[in-house]
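Shared between the two complexes below is chain A, which has chain B as its partner in the first and chain C in the second.
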Partner chain A sequence: MSAADRARSAATGLDRSRVALYLVLLAMVAFYLAPLESGLMTAFKTPEGFRTTTPFALPPIGEFTVSAWGMAFERLSSGLLNSAMMAVPATVLSALFGSLAAYGLTNLSWRGQIGVLMLFVAGVFIPYQAVLVPLTQFWSFVDLGGRIPLAFVDEYQGLINLGITHVAYGIPICTVLFRSYYATIDEDMLEAARLDGASAATIYRRIVLPLSVPIFAVTLIYQFTQIWNDLLFAIVLVSDPSNQVVTVALNQLQGSFVQQFNLQMAGAFVAALPTLVVYVLFGEQFAKGVAGET
Partner chain B sequence: MSSGIFAALIRDTGGSVRSDGPDVDSDAAGDEASDAEPRVRTDGGTVVDGAGERSGSADAEPSLRSRFRRSRFLESIPFWGPPGVLVLFFVYGAIGWNFVISLTGWEGLGSPDYSSLSTEMYTQLLADSSFHAAFQNTLVLLFAFTVLSLVVGLLLAILVDQKIRLENTFRTIYLLPMSLSFVVTAIFWSWMYNPSNGLINELLRAIGLDALTQAWLSDPQFKLAAIIFALMWQFSGYCMVVYLAGLRAIPESQYEAARIDGASTTRLYWRVIIPQLRASTMSAAVVLVVFALKAFDFLFVLFGVNPGQSADILSVMMYRVAFDRVQWAYGSAVAMVLFAMALGVIGPYLYLQYRRGEL
Partner chain C sequence: MAQLELDSVTKRFGEGDESVLAVDDVNVDIADGEFLVLVGPSGCGKSTTLRMVAGLESITDGEIRLGGDRMNEKRPAERDIAMVFQSYALYPHMTVRQNMRFGLEESTDLDDDEMDERVEDTAELLDITELLDRKPGALSGGQQQRVALGRAIVREPAAFLMDEPLSNLDAKLRSQMRTELQQLQDDLDTTTVYVTHDQTEAMTMGDRIAILDAGELQQVATPLEAYHRPANRFVAGFIGEPSMNFVEGAVDGDALTADGFRYPLGESVAAAVDGSANATLGIRPEDITVDGSGSLEGDHTFDATVDVVEPMGDENVVHLSIDGGPQLIATVDGLRRIESGTAVTVEIPEEAIHVFDGSSGEALHNRSLDDAELDDRRV
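Entry: the complex of A and B
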C-alpha cells in the first residue's frame, strides 16, 4: 500500500467515523425533541386524528384543527397574565438582591465573610418541602390584604405572597451567580476608585453595576425561567382562583380534560411559550445560569 | 463566538472585566486564599498578613489596616444585609420553625400547640410502612436518576466536544428540556407513555416488539423506571453543560500527548480525560441528588398526591400528609428527613469546596 493509499483509507475511515458521530448526534436530537414534536403535532389534530395516527406524524388532511389552541389559550390566559405579573418583578428583585449581596461579600472583603457566604450558598440546595408548612403559617399570619388597606394588595394578595417568597428563595442562587462573576473584576480598578475617595455605594453604582450587564442577563433569564416554571410554591401559597398562576392552571386543565390530548398538548405549549421564547433567544445565557448552579 | 466563551467555566467567562490574565481566578476564587493574601492592597504592594500581626499594635500600619478592614465590614452591611435578612428568615428561620412544628402534634384546623413538644412524630414515621416505601423509592430514584443522567450527559459532552459543526445548535437542543416546567414535561411524557397511542409503544410496535409494550405509568413494575427515564431526558442536557465546561478546561496538549503515545480514543477518554472530570461529576451529582430529593412537580402532575406505593417518594408523601390530610406536624417531620438527607449531601460538598478555595 502506497503512502497516498494509506492516507486515503485513513481519510475515508475518518469520514466514516465523522458520519457515525453526526448520526449519533442526530439520533440524540430526535430523542430530545420527540416529546415536543409529538406534542406539537397532537395539538393540531382532532380527537379522531390523534387516536388514529402516530403521535409524531403530521395531522392528516381533514383531521387538522387549531381549536385546541384557542381553547387552551382561553383557559390559560388569566394564568399567563398572573404569572407574568408575579414573575417579572420577583425576577428583577431577586437578581438585584443577589447582585448587592455578592458585591458586599466579594468585592468588599472582610474577615468572616466566607461564613456568611456559606449560608447564602447552602440556601441554593434547600428542599422546599422543609419550609412549606411554616410558610403557609407565616403568610396566613401576615395577612397582607387585611393589614394594608389597598385594593391592589387585597386583590393580588396570593400573587404578592408568592412573589416575595420567590424573591427570598431566589437570592441564594442569584448571589452565587453574581459572586463567580464579581470575583473576576479587577481589584486594582476598584482600589483606585477607593483611593480617589469613592464610597462603596458609588463604586457599586459607577463601576460594578455597569460591568454587570452580562451576568444580569444570565441571572434574569435563569431566574425568570425558574420562577415561571414553579408549581410547588404556587399550589401551596395561592388559594384564590383569580390569583392562579399558569402552571397551576395547566395542571388543572390536564386533570379536567383527561382524554383530550390535543388540548393538553396545546395547553403545555401555551404555558411554556414565554420560557421557550426566552430560551431560543438567550439559550447561551440560560446555559451559563444552569452551569453556575454548580 | 459562543463556543469559545462557553468553553470555560463560568467564572472564566468574564474576560472583558479582568485585566490580568488567568491567575486572577485562582487568587480570587476563594476567600481562604484572600484572607492569607489580601486582594486589596492599600499601598499597592504585597503586604504579608502574618508579618504585620507579629510586629504588634505598636506598628501603625497593621492597626490602620485592621481599622480599614473593620470599616469595610460596616460598609458592606447595607449590601448583603437586606438579602441576608430575607435568606436568614425564609430559609433558616423557616427550617427551624418547621422543626419545632414537627415536635408538636399539630393537625387539622387551628394553630400548633407549642407548649408540649415531643418526638412522637418521628417515632410514628419509623413505624410507618408508607414512609419506608417512600424512603426506599427516593433512594432508588436519586441513585438511578443521578447515575443515568451523568452517564448520558458525559457521552453527550464528549460527542459535542469533537469539534463538530453546528455545535451551538446541538447543544441548545440537548439543553432545551431543562428550560421547561415540570408541569409541561409531565404532560408531554404522559402522552409519550400512553399505552394505546403513545409514541413509546407505537415505536415498539413499529419495530415488531409488541411484547414489550407496557402501561408504563400505571403498571407498578415500571412506574418508577418510567419517571426516572423522563427525568433523565430533562436533566442530561444539564450534565452535558457541566461536563463540557470540564472538558474544555483540559489543555489540548494532553489529547495530543496521548495520541502520540498511540492510545486509542476509548483509552484516552477512559484513562486520561474522564479521571480529570471528577470535580464536574461531583458538582453535577450534588445538584442532581438534591433535585431528586425535592422532585415533586413532575410526579404531582402525573399522579396527584397518590402515586401509589411503587412510585411514592418522600417529597410527594410530605405534601400528601401535610396539605391533603392536614397532618401538619407529621408532614413537617417527613420534611425534616428530606432536609437531613439534603444536608448529608451538601454539607460535605460545601466543606470540600471551601477547603479547595472554590466557594
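Entry: the complex of A and C
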C-alpha cells in the first residue's frame, strides 16, 4: 500500500467515524429540542390547528395565530410582576448573605467555625417538603401584616413571607458556593490589607466584594432560577390571589373542561423568559465564575 | 523609626502533646535604622518570627517591643509597621495608585491632596510613576515587586518587614533589586527585618544577620563576623557558597584524626579542643591551597586526587579526595587549568581552620584573623 493510499483510507475512516459522530449528536440535539420545538409550534396554532396536527408539525395554513401569546401574557402579567417583585430582592439578599457568611467562615478565623459551617452544609440538604408544615405554622405565628402596621406589608404579605422563606432557604447553598471561591483568595493579600489598617468589614467591602463578581453571577443565576421556578412554597405560602406568583398562575392556565394547549405552551414560554434574560445578562461572568477565575 | 526588640519570643503551634515548637526563645535587639536579615533553611521559624512581629501570628511567650512599646496585644494595624510579601499580595482590582493609597486611606487622617502627594513622591522614588494607573495584572514581576515596596514605603512606618521579597524574581533582576533595596533602606533609614533563605542576600544586604535553625537562634552578627567567626557548625555550613568543608574526627592528643587523615594541631588549637573526644575540622574552600607541582610540603599537606572541576569563570570549584581520606571542595583561580583525575597536593593551613565540638557543634576554635581587619571591612 502506498503512502497516498494509506492517507486516503485514513481519511475515509476518519470521515466515517465523523459522520457517525455527527449523526449521533444530531439525534441527541433533536431529542433534546423536540419538546421545546413542539411547545413553540403548539403555541402558534389555533385550537383547530393543534387538534388536527402532530405537536411538532408546523402550523397548517390558516391555523397560524399569535392570539395565544397575547392571552397568556395577559393572564400571567400580574403573576410576572409579583414574581419579579419577590424573586429579585430574594435572590440578591440570599447571595449577599451567603457571601457574608462565606467570608466569615473562610477568611476570618474564630473558635467553633467548623461547627457552624457544618450547619450551613446540612442546610443545603433539607428537602422542601420536609419543612412545609413547620413553615406554614411559623408564618401564621409570625403574622407580619398584623405586627408591622404598613399598608405595603399588609398588601404583599404573602409575597414577603415567600421571599423571606426563599432567602433563608437559599443562604446555605449560596454560602457553600461562595466559600469554595473565597478559599482561593490569596491569604497574603488579606493580611496585607490588615496590616494596611483595614478592619474585617472594610476588607470585605473594599477587597473581597469587588473580587466576587464572577461568583456573584453564578449564585445570582442559580438562585434566581430556583426562586422563579418554585411552585411548592408558592402554593403553600401564598393564599391571596392578588399575591399570586407566575408559576401558580401558569398552573391555572390549565382549563378544567377544554385543554387549551396553545395557551399553556405560550404561557410556559412567557413564564420562562425572565430566567433566560438573566442567563444572557450574566452569561460572561457566569462562565468565569464556573471556571473559577479570580 | 524605632528600635525593635524581640525578648525571649517563643511560638508554639497546637496544644498539648501535638504542639510544635516553631520559634524557641529568640532574643534580638534591632537598632533604629538597622537592616537585620533573618536567615535560615525552610521551616526554621524565620517567617513565623516575622509574622509575630507583624501581628499576624500570636506570641506564645516572650515580648516584642517597638520603640519601647509592648506589641504583643496590639492588632497589626496599630503597630505602625509595613510588610512586603513574597507573593507581593497586591489588590488585583485596584490600580497601582489605589493599591498604594489603600493603606493611607485606612490608617491615616491625611486629606486627599496629601495622600496623592505621598503616593506620587513614593512612585517617583521607585521609578514607577508611569505605572500608577495600571492594574497589577498588567505589570511584570519586577514591576509588581516595586509596587509592593511602594505600598510599604508610602505609609512611612516605624519598621519594614520583608518576607523573601525577591525570591520570585529571576536571578539578574534579583541581584539588581538587592542593591536597590539596600540603597533605599539606607536613604529611608527605617528599621528593617528581612527574611530570606538565601545566604547571598543575607551576606550582602544586612547590617547584621540573625541565623535561625529549627526555631533556635544560632548567632546574631555582622555578615563577616558570621562568615569568619561562626558560633557553631550550623552557621559555618550555612553561610558561604560553596559551603565550608567539614571533616569529622576524633581528638587524639595534639592531632585530629579521621579515616586516613591525621591533622596535627598547634599548641593553642590543641588547648582549645582539649576536653572534647570528637571534633569537626572546618575549612573554607578558598583557604585550601591546591598545588600540582609537588613543591608543597609540611604537616598540613595531603596528597589528593581531583574528582570534578566546575569552572565558574572567575573561579574553579574543585572537588577533591584526599588519598584514602575525606573529600574536600576547594576553589582556585578561574584562569588556572586543572584537569579532573590529576594527582595534586593540598594544604589546609592551620591559621584558616575552624574546629567544632563533635557532639554540640559549638565552635571551639575559629580561624585567626585580626579583629581590627574585621571591623574595618564592616559596611
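The working rule: the second predicted complex is superposed on the first by the 271 of 294 C-alpha atoms of A that agree within 3 Å, B and C clash if a C-alpha of one lies under 4 Å from a C-alpha of the other, contacts with A are read in each partner's own complex, and residues count from 1 in each chain.
Definition applied: a contact is a pair of C-beta atoms (placed from the backbone, for glycine too) under 8 Å apart; a residue touches a chain by one contact, two chains touch by 3 or more.
Every value quoted in this text rests on a predicted model; they were computed, and no experiment measured them.
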First, second, both or neither for A:Ala130, with chain B first and chain C second: first
Partner chain(s) touched by A:Gly197 [first = chain B, second = chain C, both, neither]: second
Contacts of A:Met189 with chain B and chain C, given as first, second, both or neither: both
Which of chain B and chain C A:Val142 touches, first, second, both or neither: neither
Partner chain(s) touched by A:Arg206 [first = chain B, second = chain C, both, neither]: second
Residues of chain A touched, compared between chain B and chain C (which is higher): B
Chain A residues contacted in one complex by chain B, in the other by chain C: 186, 188-189, 191, 199, 211, 294
Residue ranges of chain A touching chain C (in the complex, touch as defined): 186, 188-189, 191-199, 202, 206-207, 210-211, 294
Chain C residues within the chain A interface of the complex: 54-56, 75-77, 81-83, 85-87, 89-93, 102-103, 106-107, 151, 155
Complex interface listing, chain A residues touching chain B: 21-22, 24-25, 28-29, 31-36, 38-39, 42, 50-51, 54-56, 97-98, 100-101, 103-105, 108-111, 113-114, 116-123, 125-135, 137-138, 165, 167-169, 171-172, 175, 177, 180-181, 183-191, 199-201, 204, 211, 214-215, 225, 228-232, 235-236, 247, 250-251, 254-255, 261, 264-265, 267-269, 271-272, 275-276, 278-280, 283-284, 286-288, 290-294
Contact footprint of chain A on chain B as seen in their complex: 2, 5-6, 9-14, 17-20, 24-25, 28-29, 31-32, 34-35, 38-41, 44, 69-70, 72-73, 75-84, 86-95, 97-98, 101, 111-112, 156, 159-160, 162, 164, 170-185, 187-192, 194, 197-199, 202, 206, 233, 237-238, 241-242, 245, 280, 283-284, 286-287, 290, 293-294, 296-297, 300-301, 304, 314-315, 318-319, 322-323, 328, 331-332, 334-336, 338-339, 342, 345-346, 350, 354, 359
